[in-house]
Every structure is written in C-alpha cells, then in structure tokens.
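Only one structure is covered here, and it is reproduced in the block below.
So that you can tell them apart, the chains are marked A, B and C in the order they are listed, and the count of residues begins at 1 in each.
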C-alpha cells in the first residue's frame, strides 16, 4: 500500500467485507453443526444406526428363521453356520437376537412416540391454562409420579396380561408422565416471556400461541427427553420380559432372550452375552445421542 | 505517541494484557494488549459495550478468569508486586482484603443458602480480621449501616431472597468493603437495578470511597454513570483500549470516533429534547478472528484504508490518549 | 413452613389413597380371577374358596373391608399359601431385603458422592474422564445383566464370592453391587453435574473474589447448593432399595420381598401383590416427605414461602 492510498477513505464494500464473519445459520443447522463436532454423540448415532439396521435387515439376510428349531444342534457355540450359536432348542441365536431387537426397538419407539404425544398435549395444556386446571392435572401427574415406575408397569402387565400390545400400553401409560412434567415446566416458563406477550398483542389466539410459540420453543427439551426415553423403554421392556411379564415364545425380545439364557448360564454364557451386549450398546448409543443433543440444543452454549 | 506520565507509582498498573478463551471452536482473544493504571484514591471508569472485554479485564486482575480463559501475556502490578506471578495462596489472601469486587447482578451474586450476615462475616473470617464472633458481627452490622441498610442489626440474619435488588447490592458493597481494601472493582454495579436505585447505589459508592479512601474501578456500559463518579475514563472496544482521558476532557473533546458514537447514544441532560440520538450501526467484532486493524473499522463512519490494514497507535498529549489513525498528523482532516 | 408440611402430607395421603384404590380394583378385575389357573378345581370348591376369602361379596364391600383392615395394618390372607397372612410374608421377607438394601445404599452414597464431587472439582482431568466413562457404562447395563455377569465372573469362574443366600459378609458383596450399580452411576453423574452447575453460579465468583479458600468454595458454597437434586434422588432411592429388587433377589436366590413379589405375580397371589405394592408406596411416600422436609433445611428459600 502506498503512502498516499492508506489515508484514503475506506470504500464501503471493503468495510462491509469485514462484517459477515460467520455465515448466519438457522437454529437447527447450528445445533447439527455442534452435534457433529461431538465425537461421543456421533459415535452414539453410529451405534444406534448400526443396531437399527441390523435389526431391520438381519433376519432377512440370514438363512435361518427365529422359530425354526433344529433339535440335533442345540446349545452350539458360535460358529460359521451359527455366528451367535444356537439356543437350547437349536434355534439360531443371531436371528433371534436380531428379531428380538426388532421387537425391543419397535416397542420402545412406539411407546416413546405415543407417550410423547400424550405428554406434550397434557403438559402443554396444563402449563398454558395454569390455575385450577393446572393444579388438578398436575396432582394426577404427581400421584402417578410417586408410584415407582416398575411397580406400576408390573401391575398394569398383570392386569392386562402379557403380550406385545399390552407391553406397549403399559410402557406408554408409565412414560407420558415424565414428558408432561417437562413440557408443562417449559410452557410455564416460556409463557411469561416477552415474545408471547408480543404475539398476544398482535392478536394471536391461545391455540396459535401454544402451537406456534410455546411448543416449538420447548422442542429442545422435548427432543432430548424423548431420546432418553427410548433406552429407558428398552430397559423396561427387557426387564418385564425378564421377569416373565413380557414377550412370550416363540417371539423374542432382548429381555426374554436374557431370561432364557439365565438357566444355562454356566455352560453356555454366550447365550446371555449376545442379547445383553445389544441392550447395553443400545442404551449407550441413545445416551450418547441424548447427551449430544442436549449440548447441541442448549441455547446458552450458542455462540 | 506520548505515554501517560504520573509522578508517583500507581496503585495498579496493567501492561500489555492479553487474555484468551480456549474454547472448542478456537481461541477467542478477549483482551488484546490492554494498558492502564489506577492511582491511589482515584476512581477510574472503564466504559464499553458488552463483549468489549471490560469485565474480563477485571477478572484477569483478580486472577478469577472462568474456565477456559487464560492470561496469555502481559503484567498486572499492584503496589509494585506482579499479581500474575503470585502463588495461588498469596493471591487468595489478597482478594477481598486488598482488592475486592462487586458484581453486576445482586440477585445471583449472593449465595442463597447463607444469611447476609454470614456472608459478610465470612469475608472477615477468611482474612482473620476480627478476633471473636461478636466483634465480627459488630463490624458487619456497622458496614450494613454504612451502606444505608435500615435496621441493620435485625437484617443481619436475613437471607438474600428476603432483600430487594437494591438492598442486596448494598449488602454486596458492604461485603466488598468490610476488610477495607485499597482497590474496589465494581463490575456494572447498577446495571441490573431500577434507575432510581442506581443513583442511590452510586451515591453509596461515592460516599464510601471518600470515607475509606479506596481506589475504585467502575466498569459500565453507561457513560452517564461514569460521568458523575469518575475522575478518569477508559473507553474499551473489541478487547482494546480506544481512548483514555480525564472525565471532563473526554466529554468536552472526545478524540475517538467510537467515543463520539457512544456520546451520541446518551440523551443530553436537561437540554432541549429535540436532539436526535444516533445509534452506532453494526455489531462488535468476532474475537475468534480478531481484526488485523482497528476493531471499530467496520462500524466507523470515518474509516480509512489503513484502519483495515493495521492497528492504530495511541495519539494525544498529557493524560488524554486515543488509538485512531485519524489523529495521525498525516491523516486528512 | 407448617402450611408447606400440611400441603405435602395432604398430597401424600391423596397419593396413597389413589394407590390403594387403583391396586385394589386392578387386582380384583384381573380377567380370570385368582383361582382361574387351577383348572381341576371343581366349581363347588371354587365357590367355597371364594366364600372363604369373601370374594363372593359385592366388590365395594370387599373394598371397604380391605381399607378397614389396612387402617390397622392387616393386609389380609395369602390366596395361595394356606394359613399364611400377607403380614407374615412381609415380616419374614423384609429383613433380608432391608439388610441388603441398606448395604447397597451405603455403598452408593460412600462411592457415588465423593466420586461425583471429585469429578466436578477436577473437571476434564484424566480421573474425571475415567469416572464419567465408568458411570455412563454403569447406567447402560441392566441390573439382570450386571447380576448374572457378576455371578458368572466372580463366583462361577474366579470363585471369590458365594452365589446364593445372605449368610456372611461375602454374600453381600455381589448383590449389593448388582443392586446399587445403576444408582451408583446415576448418583455420580448427578453429583458431578449439580456441582458443576453450582460452581458456575455468580455467588461462587463472589466467594472467590472475597478470598475464600478453594476447599471452602467447593464444600461450603457449592456443595450445599448442589444437594437438592441429589437429595431428591437418594430419598426415594432408599425406599426402593430396602423393599428389595425383583431381579437381584431372583438371580441371587435371596428370600426377600422382591422375590415374593415376583412369586406372587406368577402364582397370581393377588393379596400378596397388593400388600407389597402398598407397602412399597407407603415407604416411598414417607421418603418423599422426608426429602421435602430436608429441602427446607438445605435451602432457606423453600423454608418460608411455597
């Protein structure tokens, strides 16, 4: 730069070029960027994807089926023909674990989705309405909340009887409470804030405020809670199946497979090992994803 | 470039201070080469908008930078001793005793589970100022009286949530001054308060400064606040000092375009309400990628090519200095 | 404060009433009834059985009688074990569960709280990362997997600890770990995160600016503020843990309440199931009430107001 030029006024386009240092991003783009930078979260996402994929295509690519018995080849250790070995009835354990995964994951996804829907509506309404309605609605939630979750699920299962859809109902009836509390708390917080007042001043109705302002702004905690609910539901399902209140043969879930393996633990530990490792991996994967999402969606960390 | 000269050695001398926050997205250079000093029994105002580095500077002086912040270079000399070289224990002994601090939000700055009295007495206890519990209590009540808390003896056992915001800030000031420090750093002490309470708090601070003879660093974004209380003002922007001058001098003859911009943002007192307030357009620079030139360049109405290329040096005479290329003798008027 | 306690007591009474009513009607409307599976029972015997247990009376009368019994702590007879009352079963099975639960609880607190504090104070250090890793792992292993794994490794293979029963201190080691494993991980993570939360507060900066030593900053200023979520969790934990675990007692063959609970499910022994559920709920509610009172001691803001 020559001596003369340096004292010239700065052309506006040069001045502006300094201005946009970082590209502007939407909230979700920004959250996704942070999520991707979190190695644990990405590991969790990979684990979850692999497990879901295995459960989806595993039974199809295997030459065995989950119910087909081969009484000549019972309790075989893992081999080329049976990569996870066989169980006490000569059924292929790999296919059984994958099919069990389908059941376990299906139950937890549906239960989570339905209980979220109930929880969001219930909690959203209670939080927005406030006053007496909120008081009564939350009393109900408090009562259910105080009863130990497992006890409640067990009673429901005894009452409903075992079976796939009953497990779904029991888990859903237990889990919606948590979501309702969280959504209510969020809505209570948000409805005091200025942007809601601004919407009110502009003439927005209650329904619009709830669906356009309050619930979308609570989406972060809702998503994180839902992500954490999935492994919780896997846990509950496998627990119920383990104590004999869940899925019954010939269908299998990870919990019932563990329960089946218990009797012959000493001679055939691998029969417990495989379903157990899938439960743990699923739990770990979803926990990592949930933690990563919490960090990524936390607006306080947004920079 | 003329250095600011003082006869006696200053109480606090900050030289070439650099502070960075090492976040997962990279190094954020919050403070880049800040120099200033505070003399004994003097009140200095540090003014700047949020993100200008004024609070970080004060935390760096006390070595209380939150994780992951670190002083990367520079020196902080207090009574001839380099604070950055002191041991953690010696530094702790100094905090609250020789240098103490009042924070912005009195709602969150007091521990909710201890009484106001307990928290003031704790300051005395950690510095072993008073012999017995009774003596410490008496001193704490005396301080509460001094900051204008009515019925101080009975409010001694109250919890923070039982106090109003203004009362809590008074209690914070009492706590900061109970060990009779020689330097008080007040970081936006009035920002979180109502306007009427603000004036009261400033009055209390002025009054106590005269009584105790402590030097004060008053950090604020509000020029009106410093104009009434400080003898000298330092204007910060983008982690650097932009201008420094005695208060009157600064208001009468602001040299830096940023300072002038700040002044256009405050309504003139008592004058005709006709005058328009002019906001400064734009936002402060991103200190993740600090600008090579003047940090104010992108918002400056008088920017030149050189402002983008290199960092300005200080110009000025006596106790008034400003970092702006416009003040260079070669620059066009 | 009195109003606060009164409100809590009322709320808990309501919860208990709901639990009693809900369990009663659920257990009395289970399809098939308690004797349905005994197919060879002739109809007249079945009628006699129903008359013996007053099952032929109208449901509301049964309910009133059950509640009357509850008020004097009489949980009624077992449907399956002739001549044995639910009270007998509780008396017989509670000690084993309570002993094991107490050991597991102490284990969780003694390891979990210090580990969590250490992890928070030495944030991002190598030990912190190790503690976080183990705690995350601990939360992903279901108790039945952990229990069987422990038996397989430590008693079948290494033969260090016995497998079944609760006779010597060695018998307590594996079941306590299995019972407390999840809670231990949870408490560790909870203490760590609530300590970090407290350490990030402005008043911590105030304490440091006052010259308070670091030790005091952690243990006086931060710890007390971080106790609320921890107490919230460990209060109900003690109730849950002393009433026995279904899985751990089943796997380790411990004759505790958890085992009787599972047995009563498979035997369709509804009075036992009901009695144990109600006892669980009472203990849990008591724990919740104690936690509420503790809040007042920890946090003065709760003491006066709401």
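Please note the rule applied: a residue touches a chain if its C-beta (ideal position, glycine included) is under 8 Å from a C-beta of that chain, and two chains touch if they have at least 3 such contacts.
Since we're looking at a predicted model, the values are computed, not measured.
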item: Most central chain, judged by mean C-alpha position against the global CA mean; value: A
item: Pair sharing more residue contacts (C-beta pairs) when A-B is set against A-C; value: A-C
item: Most distant chain from chain A, judged by the mean position of its C-alpha atoms; value: B
item: Distance from the mean Cα position of chain C to that of chain B, given in whole angstrom; value: 53
item: Chain centre separation in whole Å, for chain B relative to chain A (CA means); value: 47
item: Chain A and chain C: spacing of chain centres that average the CA atoms, whole Å; value: 24
item: Junction residues of chain C, two or more chains touched; value: none
item: Chain A partner contacts - residues on chain B that touch it in the complex; value: 23-25, 282, 285-286, 288-289, 291, 297-298, 300, 302-309, 325, 330-332
item: Residue ranges of chain A in contact with chain B within the complex; value: 1, 3, 5-10, 14-16, 18-19, 21-22, 37, 303
item: Touching residues on chain C, where the partner in the complex is chain B; value: 123, 201-203, 205-214, 216, 221, 224-225, 298-301, 304
item: Contacting residues of chain B [partner chain C, same complex]; value: 62, 64, 66-67, 92-97, 100-101, 103, 105, 108-113, 115, 122-123, 126-127, 159, 161-162, 172, 175-176
item: Footprint of chain A on chain C - complex, ascending; value: 11-12, 14-15, 18-19, 22-23, 26-27, 29-31, 136-137, 139-142, 144-145, 148-149, 151-152, 156, 236, 240, 246-247, 250-251, 261-262, 265-266, 273, 277, 280-281, 284-285, 288
